[in-house]
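For reference, the structures are reproduced in the following blocks.
Common to both upcoming complexes is subunit A, partnered first by subunit B, then by subunit C.
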Partner chain A sequence: MTDRGPSDELVLDSAEGISAEPITQWDLFVTRLRRHRLATIAFLYMLFIAYVAMMAPLFTCEKNDTFCGSGPIEMSAITTGLMVVIAVGAGYLAYRSFRSNLRGAGVAIAFVAIVSALFLVSSWGWIDLPHINHYADQLPGDDGRLLIRIEPRGSIPMGTDDLGRDVLARVIHGGRASLAVGIVVGGLVALLGTVVGSLAGYYPGVVDQSLMRFTDLILGLPLLPVAIVVGRVLPELRILPGFLKQGAWGIAVLLGALLWGGLARIVRAEFLSLREKEFVEAARAAGANDRRIIFRHILPNAISPIIVQTTLIVGTAIIIEAALSFLGFGVRPPIPTWGGMASGGAAIAPRGDWWELVFSAGALISTVLAINFMGDGLRDALDPTQTIERK
Partner chain B sequence: MAEPLLDVQDIRTYFSTEEGVVKAVDGVSFKVNAGERRGVVGESGCGKSVTAMSIMRLIEPPAGEIVTGSIIFDGRDLLELPESEMQRVRGGEIAMIFQDPMTALNPVYTIGDQLIETILLHQKVSKTEAREIAIQQLADVHIPYAKARMEDYPHQFSGGMRQRVMIAMGLSCDPKLLIADEPTTALDVTTQAQIMHLMLELAEERNTAVLLITHDLGVVAGFCDTIQVMYAGSIIERGTAAEIFNNPQHPYTWGLLGSMTRLDEVHRDRLNSVRGAPPSLINPPKGCRFAPRCDFAQDICREALPILRQSPEGQRVACHRADELDLKSIVMEPSA
Partner chain C sequence: MFAYIIRRLVYGIVTLFALSLVVFMLIQFSGGTPLDRLKLNPRMQSVIAQLTELWGLDKPWYEQYFIWLKNFVTPVDVPDQAGLMVIFGKLGIRSWVAIAAFLGAIGYAIASLFVKIEANWWRTYRAFSIIIVAFVAFWMIKSRIVFSLNWGISFRGDGPVWDTIFGAAGNTFRLGLAALGLALFIGIPLGVYQAIKQYSFFDQLGTTLSFITFSTPIFIIGVMLQLVLAYQLERWLGVKIFYVVGMTSSGYDQLQRGFLGLPSLSQLGDVVQHLALPAISIAAISMAGYSRFQRASMLEVMHSDYLRTAKAKGLPRRTIIVKHALRNAMIPIVTLVSLDIANMIGGAIITESIFGWPGVGRLYIGAIEAVDYPTIMAVVLAIGAGVVMMNIIADILYGVLDPRVRYD
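Then we have the complex of A and B:
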C-alpha cells in the first residue's frame, strides 16, 4: 500500500499532448455505414426512390395538362420552397461527401441537387424539360385509336399497360403509396411497440401482464382477413376523416395498428434484461426517476433492435399493402400502386406482355430489399457498444 | 454526543422466493457519524449489500421488502419518505459506488453527459456550470485531460478510470454519506489501493461519511475508523479498527482474520479458512447462527441467539462465550 496518490503530474485539463483525435458520433456512424457496402447502396437507392416518388407530379403529367411536354412546370410556392431546400441541402451534402471521400454518395446526392435545380430552373421558364406522359396517347395506331400495351421502347422505357398508360409514370406514382404506407406504418409501429414494450418490460406484474396479453391478442389476429374486412368497411365509415378513406393512408394506419406486436415483445425482452443492469441501479442510486430511467437510460440501449425490427416491419408493411392492392382490397384504382399494377400485369402477362408485371414487381422487390439492407447497415452503424477497428 | 448522521434501527429485509422467505438482513442496527469511515465486512451472502440497498431503498417491492425498522438519516426516516423525496436523497445526500465499474456506467452516453446529468438532477445550476463542475470533478479524481475525456464513452476508459469516474459522480453533489459497495473488487490489486486512497481522501476533504462494504479485511484495516462484521444477516461484532484487529472477540471475526493472507508471515501449511458454509437464510439455525461452524460452540450456543452487547475490551460482540474465550492466545490450527 502506498501513501502516494496517483501521479499528479498527469493531471492536466487541456487536451494538449493527447494522442488520438477525438472521434465524434457522426464520424463513427459514417465510417461504420461506409464499411457496409450493401447498406450504402441500399441507402442511396432508397434516397433515389423517395426523391422520385416525392417529386412524381413533376416528372410526369396528365393527359390534359396544358403545360405537358413543353413550357414551364407550374409549381406552388410550397413545392418551390421544398425544391430550393432540397437543392441547397443536397448540394451541401454532396460537397461534404466529397470532402470526406465518399465519392459514390457524393455523385448520387449531387444528382439529386442537379435535378432539383433543373426543375427549379424549368419552373421559372428558363428551359424546357421532357416529361413522361401519364397516357401515351401521342402514339395513335394505324386506325387512329389509342395504342395499348406498347412494348418497352426508347421513349417509353417500360411500355404501356392495357389502357395505354405509361408504366414508368405509374411505377413512379406507385412508389408514393408504398412509401407512404412504409413511413406511416414504421412510425406507428415504432411508437406503439416501443411504448407498450417499455412499459411492460419495466413494470412487472399487472402492467406487464395486461399489456402483453393485449399484445398477444393483436398478434393472434389473422392479418390478411382482418385487413381485408377493415379495408372494405373503412370507406363506408362516416366518422372517419376523408384522407383515411381513400388512397394509402387508411391502409397504412390499419397496418400500423396491427403490426406492432412483434416489436413490443422484442422491446419488452430488451427491457427485462436491461433493467437488471448495474448502470440502471446506478442511475436509480443517483436519484433518477422512472421516466428518466426508461427513456434516458434503458431505451437508448435498446435502440438497435428497435431500428432493425422497425425496418423489417416497414418492408413487411409495403408487401402487405401490395398484397391487399393485388387482391383488390387495398388502394382503389385508378390510383397507381405497385401491388395493383402487379395484379394488372399478371392478368396480361400470360399473353406475353411481361413488362407491367416485371417492372412493378421489380420496383416492389428492390425497394423492400433495400429497406432490409438499410436496416442491417443502420444496426451496425448505430450500435455504440460495438468497437470499431481503425484502418 | 451529537446526533448521528445515519441511525439504522433493527431493519429486516426479506426476500420472498419459491423456497420460502430469505431473511437477508435480519435485525441490523447501527449508527454512522458525520465524517466517519465505517467498514462493513463479512463473507458473500451475509447481507452487506442488502443493508446498503435497504438504506438507499433500492430493494424493489415484489421481490424484496424492508419488513420492519427505521433508517433515520439526517433527522428524517428514509423509510417514510415519499418516492419523489427519496429520489432527491439518492445521489444528492447519499451516493453509492457500485462493485463493477465496467457495467455501472451507461454505455451509450459519454462520461461527461453522465456526470452532468447527475449534477443537474441535484443542483440548481445551468448546463454550462454543471459542465464546469463535472470537469473539475474528473480532474479531482485524477483523470488526465479531464476536459477532453468528457467526450469519451465508458468503453474508452480502463476499469480503474471508470471507478474513478464513478467516484467523481458519487461525490459530485457533495453527499453527506457515500456508500461504497465493494468498490475495488473488480479492479486489479495495483489499482485497488490507489482507488481507495483517492476515494477516502476526497471524502475526507468534503467531510463525507463513508460506509465501505467489502470482504477484503486488508482494505478496511487500512482505511476505516470503525468496523462491523456481519454474519448471516446480522452484525456479530462491532468496534474500532484497532479493537477488531488486535483483539477479536467473536470466533467468526477471529476466523476471518486468521484466514487472511499476509505478506509479512511465512506460511508453511495451507491457508486457514473458516470451515463450513454460511447457514440457509430461509431457516436459520436456532441459537447462534455461527454455532454449526464454530470450534467453541456449546449447548447454549445452539439454544439461544446471542445479542450484541458491550464486551470488556470495548467493542460490541454477539457471542455467548466472548468473555471466557481468549481468542488471542489460541493458535489457529490449519484446517485440512
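Then we have the complex of A and C:
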C-alpha cells in the first residue's frame, strides 16, 4: 500500500492544518471501500467476470464458424486486446475522477452505464442463436473417437460434457445469463423500489396506503412457486414479444417485478424520517417544490440503503435464476447457463465425471459470494457514522 | 391486537386471491387449452366430457376462473359409508393415541380459561398441545372426516387433488420438521458459542463458513451432499449409509415390525438414512443464517448495561450467559425463524425434486411439467397460505415477545 493517494489527506488532524483539497463524500466512500480488502477483491473479480462474459464470443470459437475459421486466434486476440485497452483506460479515467471530486462520480456512473449497455447490446446477439454448441477444438479426437466426457487436460482445461461440448466455453457463455439477470433485476428493483418507496414515503395518506398495500401484496407472493410457473409457461405465452420468451430476459423481468417490495419498504422508511428533518423544512421554507425536495434533498440522503439492498438483491436473483435453470424452467437447455450446467453435471457426476458440476457450481458460488462481499463492503463504506482511523 | 389479526387475515386472503388469478391467467394464456394436453393422455379420454362440464373448459378464461373459484371453495358431501362411526371403527392404535391427546389438548384449553397454573410441566404441555392439535386437525382434514373441498381431479390421472395434496403434505412436514430441528439445534448454539468466543479462530471460521453457505444455491448443496456423503462414502466404506432417493427402502414393510403400530428401531434407522441428506441440505442455509443472526444478537446483548451489572454483582458466567443473555438474545430469532419457514418451503421444492422425496414440492414440479392446472392451483394456494400464515405469525410473535411494539 505505497500509493495511498491524496484522499488519505482526510485523516489529517484538522487542528494541525488544512488539507490540500476539499474532501467529498465520494472520497470518504472510496477510501472506506478500499480499506475493505475483500470487497475490493470482489469488485475486481466481478469486473473480470463481467468482462469475460461480455466478450465471450471472442474467447470461444464455434466449430464451422466462418469468423473463427479465417484466423480466429489473431482476430480475437487483436479485438480482445483492443477491448482490454479500452476497458483499462476507461476504468483508470473513472478511477481518477472518482478520487478527484463529486463530478467524477457522474463520470464513473456513466462508465458503469456504458459498460452495462455494451454488455446488454452484446448479449442481444445470442437470443437469436438458440443452438450454440461449443464443441471442443479437437472434435473428434486424434484416434477418431468423439470427445465425450473428457477429463480436464491441457487443451481442454475444464473437460467436455455429455455431448462433447467444451465446459470452459460453456462456463464463459453461461455467465451471460447470470449477469443479464443480475443487471436487469438490479436496474428494475432499484427503479421500481425507489419510485414506489419515495412516493409512498413522501405523500402520506391515500398514495402511501394504496402503494404500500400493493407492496404487501407483492411481498406476500411465494417467490419460487410463482417463478417456476412463469418460467414454465414463458416460452408459450402468446401475449409476450418474442425476445422475452427465450433466454434470460423474461426471467430477469419476472424476478425484477417480484423482488422490489423489500427495497420499497426500506426507501419509504428513509423518506418518512428524512421528510421531517430540518434541512427539508428549510428547503420548503425557501420555496422549493416537491420535485426539487425529493431529488435534491431527500433522495441523495437515502441513496446508501438503495445501493446496498440492490446489490444484495442481485445476488438473490442470480441464485433464483440458477435454481430455475437447474429445475428446467429457466433458460432452456441449448443455451448454456450455470444452473443448467450444474443440472447436467449432476446427472453424470455419480459416475465420477465431476468436472462439469464442479466448474459451473464454482463459477456460480464465487460470483454470488463476490456480490455479497461487495454488498458488505458497500454497507460499511456508505455508512457516514463510521469513523476513519489510520491503521 | 384482535383487529390487527383480522386485518392481516383479510390482506392475506386478498393476496391469495391475486395469486390464484395470476397463476390461472398464466396457465390460460400459455397456448392451447388444458383440454388439448388432456387429449394426449389416453387414460383420460373417458373423463374429458366430465371435466369439460366440471371446469367449463369450452368457456372463455374469466368464466373458467370463476367456475374454478366456485368449485375450489365448495365443500363436497362426505359419502355415507365414510361416516364418522365407520372411520373410527377402522382406526389404528396410533390414531387413538392422537385422538386422546387431542381431547386432552382441548381439555387443557378449556381448563386454562378457569385455572391459572404456573407449573413447568404445564407450560411444556401447552406448547405440545398446540402441535398435537395441529397434527390431529391435519389428519382429520386429510382423511375427509370433517369436510373436504371440491379441488377437482388431477389431469395426470393422480386421482382427486385433495387426497394427493394432503398425502404429499404429510411427507413435506416430515422433511420440514427435521430440517427446522437441525437448523435450530445446530445453528443457534453455534451462534451463541461464536459470540462467547468472539474473534477466536472458531468464530472466524464459523463466520466465513456461514457466509459461503449463505451464498451457495440450495441445489448445489443438495447435489454435493449426494455426491460426497452418499456415492463417495459408499465407495470408500463399501456400506450404504445415506440414501439419495425416496422416503424409505422398498423392503421397509419386511423389516421387523414395531410395537403398537410405531416403527421399530430398524425401521426408524431406515427412515433416518433416507431423511438425513435432504434435511441437511434444506437446513444448511437456514443454519448459516441463524448462527450469524444469533451471534450478532448475542453480542449486542452482551455489551448491554444490565449484563455488566450481572457481571459486577458476581453471578457465575454460566448463569449470566444462559439466564440473562440468551433469553433476550433469542427474541429476534423467533421472528426470523417464522419468516424463514417461507424460504424453507422454497428450498423444499428444489430439494424434493433432487432427492425424489414424494412431497408437495415434487408434486408441484410434476404438475407444472404436465400443466395439470387443478393440482398447480391447489398447491400454489396451499404454499401461499403457508407463507401468509407464517408472515402473520412472525408479526404477532414479534409483538408478543417485545412489549415495545404496538399494533394500530
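The criterion applied here is as follows: the second predicted complex is superposed on the first by the 279 of 391 C-alpha atoms of A that agree within 3 Å, B and C clash if a C-alpha of one lies under 4 Å from a C-alpha of the other, contacts with A are read in each partner's own complex, and residues count from 1 in each chain.
In this section, a contact is a pair of C-beta atoms (placed from the backbone, for glycine too) under 8 Å apart; a residue touches a chain by one contact, two chains touch by 3 or more.
Bear in mind the structure is a predicted one, so any value in this text is a computation, not a measurement.
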Partner chain in contact with A:Pro300 - subunit B first, subunit C second, else both or neither: first
Touched partner set for A:Arg213, first subunit B, second subunit C, both or neither: second
Which of subunit B and subunit C A:Asn289 touches, first, second, both or neither: first
Partner chain(s) touched by A:Lys277 [first = subunit B, second = subunit C, both, neither]: first
Touched partner set for A:Pro334, first subunit B, second subunit C, both or neither: neither
Partner chain in contact with A:Pro204 - subunit B first, subunit C second, else both or neither: first
Interface residues of subunit A shared between complexes with subunit B and subunit C: none
Residues of subunit B touching subunit A in the complex: 56, 58, 62, 83-84, 87-92, 95-96, 98-100, 103-109, 117-118, 121-122, 135, 139, 142-148, 151-153, 155, 166, 169, 193-194, 197-198, 201, 222
List of subunit C residues in touch with subunit A within their complex: 11-12, 14-15, 18-19, 22-23, 26-27, 29-32, 211-212, 214-220, 223-224, 226-227, 231, 342, 345-346, 349-350, 353-354, 364-365, 368-369, 371, 376, 379-380, 383-384, 386-388, 391
Complex contacts: residues of subunit A adjacent to subunit C: 213, 216-217, 220-226, 228-230, 232-233, 236-239, 315, 319, 322-323, 326-329, 339, 342-343, 346, 349-350, 354, 357, 361, 364-365, 368-369, 371-372
Complex contact set, residues of subunit A against subunit B: 1-3, 5-8, 10-18, 22, 204-205, 277-279, 281-289, 296-297, 300-301, 303, 384-385, 387
